[in-house]
Each structure stands twice: as structure tokens, then as C-alpha cells.
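Lettered A, B, C, D and E in written order, each chain numbered from 1.
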């Protein structure tokens, strides 16, 4: 809990970050940058968890641990994603998301 | 007296029908013919026995003839009150009809053995004849109106089968179709009438219906629709059915075409028996008509009157001998209808009723004779056209004589039977309605005229050269002619006013010479004109035709009734109802169903762009979906 | 062993038997034996039923058999028959039997053909013996789906289109039906733990009128689609036209009867108030069906289309009569179902046989066939006469009962609509005679037809069976109507009690 | 006062760098911006005195994941390559959707009165955290901890399977040639 | 940890051990003998499936993070049986040269996703739930990208992974708000504190979209078809059957327990989504020519039907959903099994290739037809019962119009199912697929699904068991 800083500030930051991440996900053409946007999203969620934990329910560590797990998940997600991206790069010689549309309709 | 055995009168022909129908093709033709004839002979014997027994042997003089149910079984249970029974009803008119039907039918059977000789459908012909006899007998013996309807339909189908007997001839097929459909249309009226009548009275039974104190007549009052009571309406509808079978205007158009059938058939069905079913129907329900719904009776009278003059006018111009006879039949049945229509109920009042039945009886004899005679002529010259004939009197002496007798009879020349029955009708009409009476005078003259036109055309007239010398028909054909001629001559002396009356009681009747003499005179005038015009080849007929050009043309074209019907069927039913409905079905109803499927397909194809394969677009939809859900369910709901 | 179970078991055994067969000869023999048994069984059932009734058993349903199937939903495998279902079963037995013989020469995939056909038949049998709405619905769908294969594989013409259309429309019908049935189920008892699908149980309670108003159209139209209710009938002409002979027979002869039977057994019986309220709408539709079908038939040139439209007309009359909701008319409806089932089966059998000889179904291309194939010609005429309501054949009996029954309503609406419906008998005559005239009578149009062979023995079995049934009903209708009447009494009593209460 | 200043500084950094991450045209630069974001976030955790979290954030997130990402960028792109940006229409609609979403979410969140903390704020030290991590009672996180290990193992195997360079057709042909 | 705890967690523990065991065996096998993994793994898994059927009680472990009861065990067993069939059906494919070296990885990855699903089903809090969800998804992405030489496979993998990342981001944001507004991640606490406030509804919606992604509900379904098409066919069947089934299970558990206080709200959402899902799924399925893609869209439509059961909101709904999933697993596996058997031998997976199949491969065609009929809900196969009960449960809540729309959609679905039937039975082909004999594993897999399709419907016992188990879990 930070003096004079209300919870809502955190929430504004995290929400903004969340939607910035989403915006990035929707517009970045490079698969890796899309992955980065996902990381932003997850990060914003982490902020939420931590802030809620600290400000509202400091007796327990639920948000705290949630955040830890999310990081772990983010890491494994990133690992697999990057593996696939590299695979795609091999196949398509490009990691532009626009090219990844062989299957449609 | 137990009349249960009368059951067999119709049943014997029925069995004959089954036997011939199922096994006839395996028999030699003559066996089939004999089986048919013998079967009907048996029925005839039974009928005569019944008639003698009913009218004379077991009848106590000076009492009313009773109406007896000889036999009855329930056939179909409809509602609480309504059950269809099958049975036989014995009363004066049914017994009279039994005699008429079996006599004429037997004659026709015998005659046909000769006439149909060599026809590949010989057995078929006899089985159909038996079927018809069965149906007709069942019709007249019906104990209730529904049974009558049942046999009414059967009669219709037998007629259909017989008209279309030469089924390879398209005209015969068309004629049979026409006959069936037109009468079927009329039967719809009959059916509706039955439904109305039975619903209101709670019974189908003739005895209950015609009981002057029964429910039908008791409920006569009240106005239901257009100023007439329910009873009146139902009777009018029933009469529509009768008019259809009896070829009354405007349902008459099937009758001339029905001449496509073999001539004996015309004699049996379209002259003597089936066509009078309508008359019989009205006679059967006569007490209800007379006591409960005089308005309906007026309709009967006027339709009958109009039909008689209408048909007579057409008959004057036709050249096909069977058609002339057909129109003549229509005209004569018009007479009978008119007689019923002008009749009252009970005693002297019921003169018309008696006259009608009387005329029915005599007409059966002489008209059957005329047709069979015509058949003999056709048999000899292989043509129906009057133009192909002439001067046949020396080739066909017996036919000539019997034909002449028949012509005189129909023309109402005393002492032939037609004179008596026609006179009674005129007398009845005179009492009731002068206008109709006048019409009937004219018709009498026309009748005499066209019959003798026919007679002269066939047996006198021009000297025609025949490829084969025409020869008289074999005995098997001429004997029926002679028998019928005998009947035509002497049937008039039967004491009908004591036998067949509206209330079963006899009454005194005598010839009203004030009416009879002018009618005979008119008949003679008609004959005279015909003699002048047609006895030998003259130019008068053509001149007449020229001077009454339009009338002649209209009459010759049967007042364009066929065209009207063609218009109704071809144009209205086919082109303006059925075709649009079929189109509607295919394109609108079915099109809607297909359209729904098409729209679904179209939608499926048009939204395929949603699945663009682009990851970011998917994500966009995902996010927007979430946002929209939030918008709706957090802020709007 | 309950006799009704046999109606399911025998077809199953037959299917099993066909699976073991190798070729057409064996499989048709097995089918014929199996369905022959089924036919005999049907008549045994009729006999047993009458005996039981004679012995004074007045229970609404006889030979009941009840096994709890899904206890938590109270779904039972419940069987039972009354006079109406017995009559329908007899009809089915006859038509199926005739159908097997009509497909005696089915060269293409015969085993599959007979199996599908018998599955269809078992669905129909099951439907008629079910007392439980769930099993009834199950059998209903079971009967519909083999149609797709039967038409699609063994049909002719645009068979794939027709099969698809037929299946989809009927399934859309069952969609509506399902909603109705579920609604009925959930209002079948005030106690949520005592809900039931059992027809008899439900009939004892009173479904709230608001719900009835909602559910009745679903149920009625659901069944009505199968019963060719205007304007949902369009599957019928196409489907019939493309189907192979036996399938047309079964379909028009039996399957379409499911619609009428269900509309009466479920929709009206269970929801009488709504039926009374909404009958007028459907009466108008059915009256249109009757006349419209007949008029459409007039201008058709394909024999099967003619008969299909004629079926629309006749089946319309069934629903029409059912909606009149009095004993006589309903009795007429049942008789009409049976009568039409037999007639139309006969028609389709004949059409199939004629088509098999002439290779055309267009009446304009044929003519004078009576001369060369007299047996078929005569039977065709008989079928035609039966169809146009000639006394002595079943059609007349049915129509007359219906019209007399319908006429028991005294108000102008019912009267007028009855007269309109009755007018169809004339139109029917027109198209029947047109066909008979063009097809059988007149001169022979094509020299090829001169050498056609008349009916073979199996074809004779098929047609004669049906003709006998038609004439039997036509000449002695008393026992049939009596049997039906007895079972109609409770139903009509329920309906009339409603009528009285609504008047008060 | 310092806290507030720090917080605002961190907040601004987070937001600015987040925006830069998604807007910059250089891919590598985006990764670096994201690194800044993650580090700033760690700063927030420090300020909330969740030191352990902050440390994890720095090591695993900023250290591990970002490095992974940077490596993969290096593998797949040229350094000088300028990222292709989305077409204007796509950006516009995405912006609209995200703006709408953000507005709705923010409004909803800010209008909600969270249950204020009434109790004391126990300061957890690293031992408490460790105890909680291995505890299998309520408020213990042994199970997730174990499951995460499975996840990481699976992810590892998965990435290996996917990324493993397989003998392509060409390679096989080459082998045959030998 | 004692024996009873072990028994309680047997699914997860045994499966983890299995995965490790396979890893170890694999390490000790020579490259040549890698194919031996197949019988070993499958028989181990078969034993494990049997173990799963040991009786189980209601129990809570890890302070509420792990909960189990007979119903949940039932769900896991259902999934196990499905997976067993999937494994059997994938043998032919696994034996192909390209996959020879990755056999054990296939099993390990598959098992780990199954572990994830089991944990997800058993989760007692959002943390475990989320972990399970991710464990069930991330390895799947790797599996989807399993085939190297096909670009489609990689594309499927990345589409699945990135989409799932986005969705789990949104879902997490929702969870964080739930946590913020209730102060707990434990289900039991949240249940008591969840209220119908805007924030909580919003949190619910965020959470729901994440689940909707897993279940591929419209409009969160767009990834489905592409992934299904690109992934190896057995993975597709796994995705469409097991993964979706697990999602359905957890969704209904959460709806009926955690979020039951906002049922009036989420019922509206489900109503809307159900209609959208069924309709759009059908519309897309209508014109598909690729069998995998076709089945993908059909499975989207099927997911819409599942929502009907959730809308029922009572024991019946619960039972019908579980039962439907069970039936759906068998039916879909039947269909996928045939597609996979054909693709493994002939490499053809277009609808046109199936023309005239009945003439050459009658048994496969029949199984395909029955499976499709089951999917369409035609008696006497099980699908009819499954659909019927779903509709019944929706009707029990009064959603008659929804039921009507659903049944109409079922009719539309029948149309495209019949297209396949038509191809196999009616269409004539110049070059039909030649007759072939699948290997025994595949045959067993196919027979199992075929038997299931029949038995599940008539044998009411199964429904009753599920029903009796469901009875306890609801308030």
C-alpha cells in the first residue's frame, strides 16, 4: 500500500496497459510483436492481482501467488510460441501474420 | 307377405357381374351372354312376381298401398341418430320401377346378344350390363336416401363404363368422362342436400322422411337463407343431383355425348332407366316436396318445363339419329319433372305425380324401343348420320313398323300409350300453371315434328345407295323390338291412377278431352309438317333453315351449351384455376421453401469472408465480441 | 411376451436375417416371410383385440406393456393399442407386405434396400403402438430417416434434391413437434417430480390454457407437415415422384398417416381447449389443402405427381376431419387414413409397375394401355374409382363419414368449409378420369407398348392384397368403424366436456 | 511525496513504453521498450513491498522471457528491418474497439466500490512466502507449484518437438546422394 | 499424502507418472524400436483408464484447491475413454515415417494436456483452474504444430496459441477482477460473495469469453476451423472432442456453482451466444468441402447445443450436458476415426474423395453414416437421446423458442451431414477410394466408437448414473 496513491491509479494503469496490449495484438504484423503484446496483457493482469492483494486483501497472498503462476505460464507460452514461430519462419520465410492465412473460409 | 326374397332381384345381377367380371374372359362369348341374360331373366321373373303380388294378389282393394321394408341391415353407423342401412323398400313406385328396369334390361340383354356379336369385349359388356342392372335395382329399392346415394354413384360409374365401352375411341372416352364428371358435379349437390336434410331430420329413412307427420315435414317452417327454409334448400340441392342424372338443363350436356356408347346401352341407361332416376328421386321424396317445400317443387316444375322445350328445339335440328333421340329423352324427362312439379299431394291433387310415373313407364317402353330400333338401323347401315340413311323401310320391315309405332306413341297419338300419359301430364299442368301448360303444348308439337323428321329421314326420304344392302336384324334383335312395341301400344291401358299415386290411395281419373284433343291435333300438325318436309327429298328444310337462320344455327349448335361447358372446363378450370394453382404450388409455395434453403445457402456463402484466415481479424472479432457483450449486458440490460 | 413387442422384434429379426443373405432372391424372400408374419400378426392382433373387447374389456388401451426406461425423466417404453391403432397397424401390415412384393425385382443393392424399407416399417409400427410420447417421437424420426437413403439411392429423377427436401422438411416438422412434446411434458403434472410422457396420464390432466395456445400450433403443424398440410406439403410431390415404388407406397400409404394420427392423438387429444380455439385457422388451411391438392392434380402430367397431389388432397381431408372434433368426423378421419393408405399404395404400386414397362410416367406419352396390360389397367381403374369415392370401395365410406360428421356443426363457417371440402369429390373425379382416359383408354400411342407383358405373379399379389382390403372396407365398413368408434368415445367425451365448459 | 512522485514516474513510464512497444516500427526496439515496461512494473511491486515478486518479475519476466524474445527476433528478422504496420483501416477499427473496451472497463471498475481493507497489513517476508508456497493447506500453493512444473516440462518438450529441425526432403535427398 | 489422497487424485498422479514413464522408456529405446512405445503407451493408458473407474468419494484436498466427487471422476473417466479411442485411432498416423521419431513426445504432450484438463475439472480455485486450462492448451498448440513438413500444421499451432494467449489474457483480467471484488480465488468463497454488480458482470463476461474460446462459441470461434484443418487429424479430433468436452464440463460446473448468483444475467448471454453459435456454425459448415473443416464447423454448432443444457440450470441440465458430451465424444470420434483412417491410408480428406465410398468400404461408410446421424440427432443412435435431453432441459426452464431455433438448426445440420452420406452412398465416382484394411488399433478404435454410439442411447443406465451423480453437486 502506497501512501496517497489510491487503488484506482493502479487499476487505471493496468487497464490501460491491458488494452494497449490488445491494440498491439490486433495491429502488429509481426508474430513476435504480437507475442509481446500478449506479454503486456499478462503483465497488466499481474498488476491487477498484486494491487488488489496489497490494497484490499493483504492478509493473504492469493494475488501474489497468482501473479507468480501467471509469469510461469507466460514463460511456457512464450517458449512454445517462439518454437512455433521459428518453425513458421522456416516454412514461410517470414513471420508476418498476414502470410499465415493459408487456411480460410 | 314376406318380401325378403326381393333382395335377390338386385343381387342376382351382382353375382352375374362378379362371375363375368372375374371369369368372363375365359368363357366363350355366347356363354357369357347367356349367363347375363338368364340372370337378368331371373330377376325379371321375380320382379313381375313381386309386382303382381304387390299390386293385385296381396292387396286389399280400397286401401292405400303400404310401403314395406322387405329387408334391412345396418351398414354404417355414422352418428348417434344416423345409421346407413341397406335394404329393400317395396312400395308402388319401387315396384313399378322394378318392372320397368327388369323389362327393359332384359330386352336389352337379349338384343345385345345379337347386337354385340363378335365384339372382343362381349363378356365385358354383359358384366357391365349386369353391374348396371344391379346398381339401378339397388337404387330403386333403397330404403333410405343414403342407400340411394350409394347406388346413385354406382349407377353413375356403370354408365361411365358402358359409355366408354369402346375405350379405344377417344370420343367415347371423352363422352364417358363428361357424363361422369357432370353427374358427379350434380351429385355433389345431392350429397349436400342429403347432409342438410339428414342433419335436420335426424334420419335417412324414406319412410320416416315421407311420413306426412314425420320430422321432415314437421320442420318445414322457418326461413334460413334467401327467404327459403332449410328444408327447401336441402330439397333443391337434392334435386340438383336428380337433375344431373336426369339430364335436366343445365346438366344435360352429357346425355347427347353419351350416345357414344353401344346403342343397347343408350336404350337401357340413357332412355329408360338411369336418366329417370332423377324423376324417381323426386317422386320418392314427393311428400316432402309437396307438403314441406312447395317452393322446391316449383323449381322442379320450371326446370322440367324449360328443359323439355329447350331439348325439343335442339332435337329438331340434329342429324345424328341417336342424338335426336337423346334430346327427345331429355325433353320427355322434362315432361315428367314438370308433372311432378305441378302436382299436389293426395288424391286428385296428386294427378301430376301419377302422370309423371305413368309417363315414366310408357316412356321407358317406347324410348327403349326407339333406341333399339335405331340400333337395328345403325347395325344395318353402320352410321349414325341421318344423311347416310333413307328409304330403309323395305330393307328393315320389322324395325320400320316398330319404329313407327314408337314414333306415334311419343307423338301422343291415341290409342298408343304415350297419348294417355302425356294427357295426364297436360291435365295436371293445366290445373296448376297455364304458362307451363302452354309450353308443353308447343313441346308436344315439336316432339311430333322431330320424331317424324327422324322417321322419314330414316325410312323414307331420299334414295340412298348402300355399299352393302342393308338387311333386317337377326331375330334375337327383332324379338325385343316386337315385345317393346307391344308394351308401347298397350301400356297406356294400365290403371295407373289406382296403382301409383302420391299417397298410395287410388283415385278416379278420366281423360280430359278438352285438353287431349288439342294436344292430339298439335301432334298431328307436327307430323303433317314433318311429312311435307321430309317424306321425300324437298328443298323446304333448307329454306326453313335459311329463314330461321339464327334460331336454326343456335339450336343446331345446341344453344352453345357445349361451348359454355368447354369454356368452363378448359378455360376456367384448367387454365384459370388449375394451371395457376399448379404454378403457384411450384413457384410460390415450393419456391418459398426452396427460397429459404437458397437464402441459407446464400448467407452461408456471403459470410464466408468472416473466416478470412487472418489471425488478427479473428482477434478483432474476439475483442469486439467481448466489448459488445459488455456493452449489452453491463450497460444496456 | 406381449404381442405388441413382436411388432418391433419381427422387423428386427427380419433385418438380421437379411444381413445374412447374399443376393436379391434370398433377401426378398426373407423380407417377404418376415413381413408376411407381420401381416398375419396384424390380423391376429385385430382378432385378439376384438375378442378382448367382446369379452367386455373396456380399458382405453389394451395389451399394455410398460417398462421404465429413463427413470429420472419418467420415460417409459410403453405400448398399448386401442381400436384406432389396431386399425392403423393392420393398414401398415398390408401396405408393407404389398410393398415388398412390389419391389420384387430390386436389382440395385437389394439387401440394403430391404433393410431400409423394414427399418422404416418398424418405425411406423412402433409409432402406432407407442403410448409414451418419447418413444412415439423416437419411432417417428426412425421412420423418416430411411426415406433419405431409400429415395436417394433407389429413386429416379432429381432424387437427391427430392430426398433432401423431403428429409429436411419432415425434420423441420419434427422440430416443431419436439417443442410441442417437451411443452406437454413439462406441463403434464403440477408436481415437477411426476412429469410424464404417457399419453393416457397426460390426458387426465389439464394443461394450462395459455400453454396450450402456445404448444398446440407447434404440435399440430409438426404433425401436419407429415400429413401434407398446406402450405407445408411441397416435400410430398417431389418426394413421391422420385421415390422407388415401394417407398412411395409406404410413404404415402403409411408414413403420411403418422401425421394425421399424431395430430389427433397428441395435438387435439391432449390440448383440446387450444384445439377448439385455433381449429378455425387449421380448418381453413386443410380445406385449402383439400381443394388445392385436387386442382393441382388436374394439370399434372406425371403420374406420380398426380397421385402425390391427390394425396395432399386426401390427407388434407384427414386433418380436416380431425379438426372437426366430433366423433363421426374423427371416425371418418381414421377410416380415410386407412382408405387413403390402401388406395394410394395401390396407385403407387401400379404406377411403378407401369413405369417399369413403359419407362415413362408422363400420361401424354401413353395411351390405350388397357388393351395390352388389362390386369393392371383394370386394377388402375379400380384404384381410381376408389380414390374418387365410389361406393363399394373404402374411399366412399371414409368421405361420407367425414362429410356427415363435419356437417354436425351447425354454424355457417363449418358448413361452408365442409361444402368446399366436399366439392373436392368432383375435382377428384376430373383428374382421376383424365388419367384413366389418357393412360389406359383411347388408342395406343406408341408401338413399343404393344408388346408389354401383363402383371407378374408377385405384382398380382401386391395389387390384389390391396384391392381386397379396399373392397373389404368399402363393402363392410361396419366392423371397422365400430372398432374405431369404441375407442373414440373417451376422446370425444373429453373434447365435448371441454366444449360444454367453454360454453358455460 | 516521494512515493507519489515515484509512482507517477513509474506509471508514466509503463504507459509510455507500453504504447511505444505496440507502435514502434523497429521490432528489436519494441522488445527493448517492453523490457522497460516490465522493469517499471517490477518497480511498482517494490513500491508495494512485494520484493519477492519484484525479483521474480525482473529475473523471469524481464530477464528470461524478454531475452527469449530478443533471441527469436534476432533469429527471424534483420536488425534494420522496419516492421510493416497494419493498414490504416485495421488500426482504426482496432483502436476504436480497444478504446471502447477500455472506456467501458475503466468506467465499470472506477464506479465499483471495492471492499476496503479493514484489517492490518501483515508484512510477509520471504520465509512466509516460501512456507505458503509449499503448504498444502488453505492458502498454501504446493499444488499449483507442482502443476506448473508439469506445464513447464510439457512446454519444453513441446517447444523442442516443434522447433526440432527435421530432415527436410532436400536433406534426405542429399543423404541419398551420398 | 496417504493412500486415500492418492486414490482421490489418482487420475492426475497416475497420468503424470505415465508421462514420465514414457519419457524414461523412450530414452532407453533405440531409435529403431521407437514404435514399441505405441503398444506400451496404449496399454498403460488402458490400465489407467480402468483405474479411473475405481470407486471414488467426495473429497477436498490442498485446502480447497483440489476437489473431487463421483461426478467429477465420471467426467474424467469419460474423457479418458475418449482419449483411449483417440490414441487407438492415431496409431496408423503415428507409424508414418515423418512421425516415427516423435512418438513418445506425442504421448507425453497428449497426456499432459489431459492432466491439465483433469486438474481443471477438479480445480477448487481459479488458480488451479487457470493452470489446468493453460496446461490443457499450450502443449496442444505444440501438438497442432506437430507435423513439420506441412505449413498448415505450423499455422494451426500459432493460430491456436496466439488466440489462446489473447483469450487467456482476457480471462485472467476477468479473474483478477473477480478476485478484486470478492477477495478470494477459492470457488467456495466466491460463490458466497458474488453479486450482480456491473463490475462482477463485466468480470464474468471477460471470464466467459475465455471459456467461450475453449468451447469455440461464436463469435470466439474463428480459430477453430483453421486449427482443426491444419492440425494433424488425430489432434483435431482430440481438440474437437476431448478438449471441448473438458471445457464444457468445467463451464457447467462453474456456472452452476461459482456464478450461480448471476444466473439471470448469464442466461441471457448464453441464450444469445447459443443462437449465434448454432446458426453460424451451421452456416459455415454448409459449404465446407474439407472433411476436417466440415467437422470443425459442425462441432462449433454442437457446442451451441451444449449451452442449452446449461441454460436449463438444474440437475437435468447438468446431466444432459454431461451425457451429451459423452455421446458427442463417441459420435465425433466415430466420424473423425473414419476420416483419419482414410486420410492415414490415402491422404485424402475432401468430401469429393468420399464419392462412392460405400461400394468399396461399406463398413467405414456405415460407421460414418451412423456417427453423422448421431451428431445430427437421429434415432436410434445415441445422438438422438443426447439432443433430446438437452432440449428437454432447456425446455424445463421455459426456453421453448430457443429449443425451436435449436431444433431447426439441428435440421440444417442434418442437411450437411446428409451431404456426406450422399457422397458415400449415392454419388457415383469414377475413381472411388480403393478398398483398404486399417490396422487393428484403428479398427478397435472404430468399433469402440461404433458400439458406443448404439449402446449409449438405449442403455438408459448410463444416463441414470450420470443423473444420480449430478444430483449431489447442485445446491
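Heads up, the rule we're going with is that a residue touches a chain if its C-beta (ideal position, glycine included) is under 8 Å from a C-beta of that chain, and two chains touch if they have at least 3 such contacts.
Note that the structure is a prediction, hence the values are computed from the model and not measured.
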item	value
Path length in steps (a step moves to a chain that is touched) from subunit C to subunit D	2
Leading chain pair when contacts are tallied as C-beta pairs	A-D
Closest chain to global C-alpha mean, per-chain Cα centroids	C
Gap in Å, rounded to a whole number, between the CA centres of subunit D and subunit B	101
Computed distance of Cα centres, subunit D from subunit A, in Å	5
Geometric centre distance via CA averages, subunit B-subunit A, whole Å	96
For subunit A paired with subunit E, centre-to-centre distance based on mean C-alpha positions, whole Å	27
Per-residue multi-chain contacts in subunit E, two or more chains	127, 131, 134, 138-139, 141-142, 145, 148, 154, 157-159, 162, 166, 170, 177, 180, 183, 198, 202, 225-226, 412
Where subunit D touches two or more other chains, by residue	86, 90, 94, 97-98, 101, 104-105, 108-109, 114-115, 139, 141, 144, 148, 151, 154-155, 158-160, 162
In subunit C, residues with contacts to at least two other chains	168
Touching pairs - complete list by chain label	A-B, A-D, A-E, B-C, B-D, B-E, C-E, D-E
For the subunit E and subunit B complex, residues of the former touching the latter	158-159, 162-163, 166-167, 170, 198, 201-202, 205-206, 208-209, 213, 219-220, 222-223, 225-226, 265, 268-269, 272, 280, 283-284, 286-287, 412
Residues of subunit E touching subunit A in the complex	126-127, 130-131, 134, 138-139, 141-142, 145, 148, 151-152, 154-159, 161-162, 165-166, 168-170, 172-173, 175-177, 179-180, 183-185, 225-226, 229-230, 293
Subunit E-facing residues of subunit B, complex	600-601, 603-605, 607-608, 610-611, 613, 615, 617-619, 621-626, 629-630, 632-635, 637
Sites on subunit D touched by subunit A in the complex	3-4, 7, 11, 14-15, 18-19, 21-22, 27, 30-31, 34, 37-38, 41, 44-45, 47-50, 53, 56-57, 60-61, 64-65, 68-69, 72-73, 75-77, 83-86, 90-91, 94-95, 97-99, 101-102, 105-106, 109-110, 114-117, 119-122, 124, 128-129, 132-133, 139, 141, 144, 148, 151-152, 154-156, 158-160, 162-163, 165
Interface residues, subunit B side, partner subunit A - complex	608-609, 611-616, 619-620, 623
